[in-house]
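You will see subunit A twice below: alongside subunit B first, and alongside subunit C after that.
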Partner chain A sequence: MKYNFDFASLQEYWPEFLRGALMTLEMTVIACVFGLVIGVLCAIGRRGKRKWLATLCGAYVEIVRNTPYLIQIFFIFFGLASAGLKLPIFAAAVLTMVFNVGAYTAEIVRAGMDTIHPGQIEAAEALGLSTPQIYWDVILRPSLERVYPSLSGQFVLMMLSSSVTSQISAEELTGVANSVQSESFRSFETFIVVAVLYFGMAMMLKFAFHLFGQAIFPRRRRLGTPL
Partner chain B sequence: MGGSFTVNHLIYLLQGMMWTVVLSALAFALGGVAGFGVMLMRTARTRLLRQISFVYVQLIQGTPLLIVLFVVYFGLGVVGIELPPLLAAGVSLMVYSSAFLGEIWRGCVEAVPRTQWEASECLALTRWQTLVDVILPQAARIATPPTVGFLVQVMKSTSLASVVGFVELTRAAQVVNNSLFTPFLVFGIAGVLYFALCYPLSRWSRSLERKLNVGRRQAA
Partner chain C sequence: MSAVVKLHDIHKSFGSVEVLKGVSFEIAKGEVVAIIGRSGSGKSTALRCINRLETIQSGTLEVCGHRIDNEAVDLRALRQDVGMVFQSYNLFPHLTVEENITLAPRRVKKLANRDARALALESLQRVGLAEKIDAYPEQLSGGQQQRVAIARSLAMQPKVMLFDEVTSALDPQLTGEVLRVMETLARGGMTMVVVTHEMAFARRVANRVIFMHQGKVWETGPGDMLADPKTPELRDFISNGL
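Presenting the complex of A and B:
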């Protein structure tokens, strides 16, 4: 039952691990930026007066939130391929991530928008602000500020979930781990190293979001305090 | 390529769906027990216990479930324990849910007003009596909606068990798709089946939450 750990034999692979980690971060950043845009648009769509648009956005959010990410990946990746659209793997992986994180973002942003008191919007209307102005200054900015902690938490989770894209052979950190372990036959050590890398990246990302939050919301108020 | 989708394929998918339910139940039950332990440690009076459990939760929440799964699967393999895929997946999902459930429940325990603890202390209840008779019944009410919500999360996460070869719904869908190559249809059906499992739970969680909020507003 004695097992000799051999991390030394993994040393030669560190450039690969680094490449994989950078790719994971790259995919996460792209997915979060586009996911935020989709999420905000979708949340606005659900509040809007057009019934069909609200239903459509609601269906999108519910479908994504109630099916596994892995199934979404297979559906989009193999589905598009069978329809004749062959995307490069990186693009396909990022596309599934955007599709996934967009719905979660929409739900979080919607929850933030719901905390805006109707009186605020009425007041803005009374002051003669245009609809885009109301959405940007009165609804969106305060609500984004309020849900910023949940949003950044969701983005960190997305970084972790991106490991699943290794199943369509995306060469991100987990994909790299799979090829390293099949070359070095040191599967246990490989996945321990990768677990530590992911943990470090998650901490780093959390810290980066914290700093970013302080920069863009200088007047950070505590959650739940009246605006 | 290999013919069209037949009733047999659907039956195969439904069998996979059954295993998804079994694995979810296993993971949730084991994770619930372990999560309760994590919650006790997170709210313990001993500082060391709090710190250990904090590090545990941070570690698990900071690594992807897929990696946890690989570590358990390959790790136990090298120590000489050959786990069947069901158990390997069950153990990793247990580890994963124990960290999240422990953290959710800690929040609920801490949401019970401090004065409840103080009053129990005045009545000379032991810490365990306080917890079981006073705090937990109140915390359980707050904990139900997020716990049901997390059950949806567990259900979706079981799809990852497919990568270690456990034939649940996702794996079954892959197998069927490999023979038919109609991904939109096969993964679409698998998606609908997952949705049928998860959506009612999501709805239930949301309605529980609404009821809880109503109760609180009246109390205030």
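Presenting the complex of A and C:
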């Protein structure tokens, strides 16, 4: 077996790769933000007193976690289109990511909330804090600090699995790779380049999450131990 | 002397199990009352009714002018008047001592951030822990954590303080420092309801002792009553240690 690597012929495609990588990052950031919001709301909904809401949130989480990501993408893009709601590709791709990561985030955040001892909530009640204040200061903040490593891991995973959105022709990194390799006929090299780019982006994201964690969790910064 | 806490014929059940079977007592301003009794006799439940961590089925309950048996009671106002310290400290682990103490004043009383540190310091001085203001709970011993929990309660300037077996989770050598803080508070005129197994503390510090048995106030009197119990149940309780 013999293969002559030829990376030189990919040089002209650098702007494409860069554009794809940027779009992947852009989709990831949007999905992280909205996914976190949805995940937190959903985790609260599942704990709440309203039975129907808890059931609804539970159903959402279970459906997302027990169906293939690709099917979710097709469902949102083609399914909604045939129902008359034609979303632009970028919107559909991001929406799917949000929909998907929101459920995983909900489950992680819920696990974090389960670690909060009921005594903490009683102490806060006895101090006169209102329910929203208790949720924010006594339940959510320590929960997020506790599950931060799993949460950031999940977000990195989501960045990687966003490559599946190329299936609906989203022009993120994998989508770009597909067109580059069919134009240049250098598919091996193309996917090596793309793999390296993904790896680099994953490392970058991990580091960014680390810095962000240091900034928003002072206890973690000062003691360096998990909560 | 006006009563700050008034319980009259309180009944409380968990499901079908009646835990408080007609409990009545009053606590005057500045009074220190110790509640003693066997495990399961309803001491904690009675205490928790006072700041409405538990709701009652019947009876009347008035605390600092708030009618607690009333559904429409202003919980926020009630809980500003009543502080509570728990057996398991329940400090917030992700916050420093200062933040633990000032969280409620900032959130509930809208204390300005720039005044927070002074308040924390002042409260900590009352429990002798000013130097720990920037520590995290996990960096403190159990006794120190409990003293911070007391400071946290004090920072809200409550009119009554409830203590539920606050030394039971502590090693014997650490209970002393917490009891001393409580004794200082008592001498300073704080109205206190103290559920405790520390008989020596009850005798020495409390103005009055309430012995609960099977969900009722069985016997009540000054601290000296422990030396001279009237009912066989109290005699039994005292001679069996707990």
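Keep in mind that, in the parts below, the second predicted complex is superposed on the first by the 220 of 227 C-alpha atoms of A that agree within 3 Å, B and C clash if a C-alpha of one lies under 4 Å from a C-alpha of the other, contacts with A are read in each partner's own complex, and residues count from 1 in each chain.
One rule holds in what follows: a contact is a pair of C-beta atoms (placed from the backbone, for glycine too) under 8 Å apart; a residue touches a chain by one contact, two chains touch by 3 or more.
Since this is a predicted model, take the numbers as computed values, not measurements.
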Partners on subunit A (subunit B, subunit C) - clash or fit: fit
First, second, both or neither for A:Q214, with subunit B first and subunit C second: neither
Partner chain(s) touched by A:F75 [first = subunit B, second = subunit C, both, neither]: first
Comparing the two partners subunit B and subunit C, which touches a greater set of residues in subunit A: B
Which superposed partner A:S187 touches (first subunit B, second subunit C, both, neither): first
Which of subunit B and subunit C A:R141 touches, first, second, both or neither: second
Partner chain(s) touched by A:Q133 [first = subunit B, second = subunit C, both, neither]: second
Angle at subunit A between subunit B and subunit C, C-alpha centres, nearest 10 degrees: 100
Subunit B versus subunit C as contact partner of A:T55, first or second or both or neither: neither
Smallest separation of CA atoms, subunit C relative to subunit B, angstrom: 19
Overlap of the subunit B and subunit C footprints on subunit A, listed as residue numbers: none
Subunit A residues within the subunit C interface of the complex: 117, 119-120, 122-130, 133, 137-138, 141-142, 145, 217, 219, 222-223, 225, 227
Subunit A contact footprint on subunit C (complex, rising order): 51, 53, 75-76, 79-80, 82-84, 86, 88, 90-96, 103-104, 107-108, 136, 138-139, 149, 152-153, 156
Touching residues on subunit A, where the partner in the complex is subunit B: 1, 3, 62-63, 65-72, 74-75, 78-79, 81-83, 160-164, 166-167, 174, 177, 181, 187-188, 191-192, 194-195, 198-199, 202-203
Touching residues on subunit B, where the partner in the complex is subunit A: 58-59, 61-68, 70-71, 74-75, 77-80, 152, 156-160, 162-163, 170, 173-174, 177, 181-184, 187-188, 190-191, 194-195, 198-199, 202
